[in-house]
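Below is one structure, written out as structure tokens, with a few remarks after it.
A, B, C, D, E and F are the chain letters, set down in written order, and residue numbers restart from 1 in every chain.
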Amino acid sequence: MGYLPDPLVDLKIKEYLLEDMPFGDLTAAFIPNKDVKGTIINKEQCIIAGIPFAHRVFQYLGLDTHQYIAEGAKIDANQRIFTVKGNARAVLTGERLALNFLIRLSGIATLTHQLIQASSSLPQAPRIAATRKTTPGFRFFEKYAVTIGGGDTHRLSLSDGILLKENHLSIFSDLTKAIQYAKKQVSFTKKIEIEVTTIEMAVNAAQAGANIIMLDNFEPSQIRKVVDRLSEMGLRANVCLEASGGITSENVIEFASTGVDVLSVGSLTHSAKGIDFSLVFEPFLEKI
Amino acid sequence: MGYLPDPLVDLKIKEYLLEDMPFGDLTAAFIPNKDVKGTIINKEQCIIAGIPFAHRVFQYLGLDTHQYIAEGAKIDANQRIFTVKGNARAVLTGERLALNFLIRLSGIATLTHQLIQASSSLPQAPRIAATRKTTPGFRFFEKYAVTIGGGDTHRLSLSDGILLKENHLSIFSDLTKAIQYAKKQVSFTKKIEIEVTTIEMAVNAAQAGANIIMLDNFEPSQIRKVVDRLSEMGLRANVCLEASGGITSENVIEFASTGVDVLSVGSLTHSAKGIDFSLVFEPFLEKI
Amino acid sequence: MGYLPDPLVDLKIKEYLLEDMPFGDLTAAFIPNKDVKGTIINKEQCIIAGIPFAHRVFQYLGLDTHQYIAEGAKIDANQRIFTVKGNARAVLTGERLALNFLIRLSGIATLTHQLIQASSSLPQAPRIAATRKTTPGFRFFEKYAVTIGGGDTHRLSLSDGILLKENHLSIFSDLTKAIQYAKKQVSFTKKIEIEVTTIEMAVNAAQAGANIIMLDNFEPSQIRKVVDRLSEMGLRANVCLEASGGITSENVIEFASTGVDVLSVGSLTHSAKGIDFSLVFEPFLEKI
Amino acid sequence: MGYLPDPLVDLKIKEYLLEDMPFGDLTAAFIPNKDVKGTIINKEQCIIAGIPFAHRVFQYLGLDTHQYIAEGAKIDANQRIFTVKGNARAVLTGERLALNFLIRLSGIATLTHQLIQASSSLPQAPRIAATRKTTPGFRFFEKYAVTIGGGDTHRLSLSDGILLKENHLSIFSDLTKAIQYAKKQVSFTKKIEIEVTTIEMAVNAAQAGANIIMLDNFEPSQIRKVVDRLSEMGLRANVCLEASGGITSENVIEFASTGVDVLSVGSLTHSAKGIDFSLVFEPFLEKI
Amino acid sequence: MGYLPDPLVDLKIKEYLLEDMPFGDLTAAFIPNKDVKGTIINKEQCIIAGIPFAHRVFQYLGLDTHQYIAEGAKIDANQRIFTVKGNARAVLTGERLALNFLIRLSGIATLTHQLIQASSSLPQAPRIAATRKTTPGFRFFEKYAVTIGGGDTHRLSLSDGILLKENHLSIFSDLTKAIQYAKKQVSFTKKIEIEVTTIEMAVNAAQAGANIIMLDNFEPSQIRKVVDRLSEMGLRANVCLEASGGITSENVIEFASTGVDVLSVGSLTHSAKGIDFSLVFEPFLEKI
Amino acid sequence: MGYLPDPLVDLKIKEYLLEDMPFGDLTAAFIPNKDVKGTIINKEQCIIAGIPFAHRVFQYLGLDTHQYIAEGAKIDANQRIFTVKGNARAVLTGERLALNFLIRLSGIATLTHQLIQASSSLPQAPRIAATRKTTPGFRFFEKYAVTIGGGDTHRLSLSDGILLKENHLSIFSDLTKAIQYAKKQVSFTKKIEIEVTTIEMAVNAAQAGANIIMLDNFEPSQIRKVVDRLSEMGLRANVCLEASGGITSENVIEFASTGVDVLSVGSLTHSAKGIDFSLVFEPFLEKI
């Protein structure tokens, strides 16, 4: 997702600027009409994410930008991320949106990176994946931030993959039939994922040909049992195993060492703490 | 903000559903066409926020809902928030968006409430206000959640109030002239707020007739000095004092007891931890 | 409002062009593919307003423009406002929208200016303010024109200020409680305005701490009584007084000399006569 | 145009409500949650226009309406137009938009009617038509109001008819060739109109087969000459004659008695004075 | 329609790109970040249509294009239509939409041309016109393709002409009254077309002053009778005759030689076979 | 895809109605205001597709519908598909859009069904899949029609699957590395498809772990060789084989009997002939 979809990004940036000024920027409107130079600084250590969007916000407003640090870099506090030059009114109008992108996306990238780091010593660390627990309307950007942090987006929407969860399965009489039915009804281009809550369900799902099995709220010890059982039955290679539920930076190493392929973590997008950034005008820059 | 703007909410809910299914819900599409009953449960203690939006998501999809708990209530974990009944496909299609509203908005309301509680013992506790550090495109809902938690929205956009910050003031030759100019240029319907970084600036701003003075990154002791100085000069009553910068649930009492009118806290919207919710279908409900 | 919100203006100009050509310009489509030079001329004396929007219409269509007269200037009839150069098809396609901006916005600016002029001899002339009686969908531009004419926008929407009118107050048991309630419920960033219909209500509103009091359909003599009474009670300085209802260029001086701060006039936006403009191609220019 | 295009009207009403409350109605949000009954009253004699749109605004907000007077009726001042019942917040939120429709559309319908009345004594009164000099984004409604007043919409946009004006013709070497070219290039479903500035051009246009000839800024005496000349040449019956430029309620009878088929009048839409309306809550209704 | 309406085309191209990548181009995102040169080739003989839109797709994505063949040219298979140069990711992202424009529009232009060619030997060949049987949302482009193929667009929408069809007429008591009513109610700028199913109806319609008469599902022999009858009655010159129903490239000459003015053919837009195109990268170009 | 995404369908139907009446339905506007009953009839044998959308068009316009025939049924000519009742103006306004859905979607479903039928005698007939060669803006509906005809949608957009085509592969140094890179970079939820042009490439792709291999423009005999070679190497079971290029109803049996899993056919969406439908008002129904 490092390559940005222009029509989506353009549409969203215009929408977001309109949200912040349905009738214009009343404060910027009356300040003297001068050129300024401002620099964006991070106030905390982080994986920096969102620079391309901050850049486009200013570009849309007719400003020049110069970038000092690469998207995705791991940086100490108080670095000069990039500089924006041009009309003071435009800089001040775009400041908040540009910073809001950086605050939130760097927060997500940094948390993702922390979880990956926590299990990086393992020979076969699983992928860390996000979920669909994203802020409504802002999903593309949050999934993007997960990839910048080194994570996996998981499904992007209900239109790009099949996931039969416990509630779905309760509508079918049995899991095997559900999977067979899915394989027949769904395009051959899509993988079929099943959420299971017991070891038996996991085995049945693998036998029925599920492509991905999500072990929902399993303890690490139970996950190991699933891995072992599927290995014994010769089914492990055919299936991707995903563990989900209650995974945090504190316990990620336990889950990561169970032998699953993927750990999915809702908090990457719904509970990442924002990273603090400022836009500092030239005269104030020395103070920092 | 307890009264919802229909055209905005309708527009956004449709946009958010489209985000989650640009080409439909591939999983729900092939499950048996049955009616179900599902209940939304909170997994953590919280101030519940977002019920009206979750409700409208399901309503838009043709489903019936029944609400057990009032928006804004402080609730223990595992309460039945509301029930949704109707076609299983529609319930499953709307589930994620409904929960995403609750996760994020309850997180913000809960954090806002915590900060207010932390200073509730004071005889004259200041208001706790949010900032414009919101998720792009989702501001209305995040500001709404702040009010549900008992907080103040602060400015909603660049179009509804004047805030001259340090960067703005650097364009003017002096603060007094900036305020005089603002008073002349800006509609009489708007308040004029100035961000200051020293006690002297605060005094000048009050003398020049600013309506609100934001003390940016002042220590509690410095804030007290501003309060005292303005009181001595007979200017305190004419001006609203807002403190901002580094306020957390740990230190909020110190800031709250300085005598300011408002504490504004960016983390209310950019760093609130999500509250965990589930939609549980009838057959699984006993387990909880 | 002299600084234009790009995302709003861009969105609107595209929408307006689409309104005028849902399937293209059938006439321009078949004329010879030549370059032309056209000049926009005002046919009547006016305060010129709308040039930046006319300019952007042509710019969006790939044309060059050259401006002779500054936005907001007071000009005699038959001045060359600006020149547009480039493909004849594009010039003819954009002509009507560009002129429609000028016709309407100059009409509003001119009427606003007339009302201001009518009371300019007073030592302390009140502001002339618009209302929300604007053409649906076109409010930003009409409020902008008011400022170009020297007026005050008043509220831009229901989201940027509080105005308790007679109908609102009828829902509350008493005016004082309504104001107290408003002060508690509404963000500290917003002023609170009350519409009153008697002198007593005005006094009560001032005592209860309203920021702005609108004297609705008061005779000039009654307005003076309010001013006097509030002065006697020492409340005049704390409150902004606005008179509204039946103010025209004929009687504005009477209202203006009452001592109020603001006169608000719905007809600025709902009944301004359009100013006549033409786009004249080079060969016809001599005739003028 | 008496039959309303639902998708257009729905889209516009939502857009207009959003314009007036990008973040909700801050005033209505905190008033007591009661039901009310309000009545819309006209303050001036008029042709009433816009009721269906006012009605839909309230309907969209969940309110009931009852209509006393038919769209298009000619009414004295202070009539009860229609009543709206339901939640006070919703009534107050929708009030301004509903009234803005009535103010502007009744103004246009009334002016149109005046011009038609002014020549109604003639045995063969020409049609009174509007132009494309409409408020950007609001054209459908303004053209609709013209028809309610008894007028003709003229072209709705650049996509539904051909009008070669003086500027267009200057690109072609001669008028006859321009018309021949138009007849060949343009769909057989469209009429071809030519704007002429001399009697000779009018004759040439008729000979070349123009469907409509617009006599731009002709004196009534000159118009008569065109009518006579075309009659003598046996061309009058094949062509529709439209006069345009400087027609007002004062001089309309002179233009109307020249024998042309249509008088087009830009001021119908760009300079109609608004008609004053109020929404009056039940308790205040007796006062009126 | 050779002159393109920028706001419509821009809006549609962005919408179409978003349709094809609601969350970006997952494949292009991870390919090496190199520049490439690609050439669009037609695999079949055709009238080429859609180049301006393919061009704008690539332009919007930041790419350079060079055009070898003019829009509307009749070309043999395997011609180099145009070349696109720039970042490989952008070229691959835009490829499908650019080709989809060419496939469909060239198919329509080619079929239109075939029908025109089939009757080109006649001294007075009628126009070949499209209908409103277009793909929803894509009408502008399909009507455009008809004109590129030499055809007539017919009505563009329900807003730009009157067509009373059999179903409409069934609501009126008689055809003559329907036409009289139409002439009175409808703007003088619009032609009035009537669909008839018998010779008598055609005569009545002509007598009542219809501008266009559509002979629906008439055999060629019946059409001749209508032509003859109207000629005898001296009404032929006043009316445009359109034949419709069951016209194909096989029988078009029979219909064309009846003496009508227009043949309208729904299959131009609803059943044209697509023309095959490819985008070929430089290294593969020699193979072709 | 039998379960319709409400927000998408609603949005599109409104957009499509607006396309057909940017300023309303000029013809329907003046017909008598009566209720009618109309029936939709198919003029040709077909697989009927599009009923839900036709239904919603009328529903949106306030009409009642009654359906006689199930979506997807194989029907002879001249069947009563469904009946619409209500205001004649609304029926006539919605008629064309409702029919345009049926014309195009039944055309696609019927062609899809024909290709499936042509190989239905085989014991292991491959799936028939569509491509992204769809009409811009109308893809959801065209893919839906393919499923109604019994086909497979293939990818819905660039966001829901990976397909490395010849042009993509030319950017990489070798195919194996491209696949390895894809597996690492792309979410585990997505399948990876490779387009190959030689048997060797197909073998390499299978060895490198591609999930789907598209054999582009292979003769049936070559396809068999690929199937045999992969079977011999024990790789056949791990990979889905898709053949593409030049498949028609005439030759589909040859391709279908090669042993591949999927045949993808662009002409399903870009060259399906429309099926003819009519809306017939009650009085005319007997004639049919």
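Keep in mind that, in the parts below, contacts are C-beta pairs under 8 Å (C-beta built on N, C-alpha and C of every residue); 3 or more make two chains touch, one makes a residue touch a chain.
The shown structure was predicted, so the numbers you read here are calculated from the model rather than taken from an experiment.
Engineer: How many links in the shortest chain of touching chains run from chain D to chain E?
Structural biologist: Graph distance in the chain contact network comes out at 1.
Engineer: I want to confirm something about chain B and chain F. Since they are copies of the same sequence, is their interface symmetric in residue numbering (over half shared, so same) or not (under half, so different)?
Structural biologist: different
Engineer: Could you find the chain whose CA centre sits the greatest distance from that of chain E?
Structural biologist: Using the mean of the C-alpha atoms as each chain's centre, the farthest one from chain E is B.
Engineer: Could you give the separation in Å between the centres of chain A and chain E, each centre being the mean of its C-alpha atoms?
Structural biologist: 45
Engineer: Which whole number of Å gives the spacing of the CA centres of chain C and chain D?
Structural biologist: Comparing mean C-alpha positions, chain D is 23 Å from chain C.
Engineer: What is the distance in Å between the mean C-alpha positions of chain B and chain C?
Structural biologist: 32
Engineer: Would you please write down the residue numbers of chain F that are in contact with two or more other chains?
Structural biologist: Residues 19, 21-26, 28-30, 93, 139, 156-157, 159-161, 187, 190 of chain F each touch two or more of the other chains.
Engineer: Quick check on the complex: what are the chain E residues that touch chain F?
Structural biologist: The contact residues of chain E facing chain F are 12, 15-16, 19-32, 34, 36, 38, 88, 91-93, 95-97, 99-101, 103-104, 107, 132-139, 141, 157-164, 166-168, 170-172, 181-182, 185-187, 190, 266-267, 270-271, 273-274, 279-281, 283-284.
Engineer: Give every residue of chain F touching chain B within the complex, in rising order.
Structural biologist: So the residues of chain F touching chain B come out as 1-8, 10-11, 139-140, 143, 156-157, 159-160.
Engineer: Using the touch definition up top, name the residues of chain E that touch chain A in the complex.
Structural biologist: Residue list for chain E touching chain A: 14, 17-18, 21-26, 28-30, 60-62, 89, 93.
Engineer: Could you pull out which chain E residues touch chain D in their complex?
Structural biologist: My answer: residues 127, 129, 152-157, 159-161, 187-191, 193, 212, 240, 242, 261-262.
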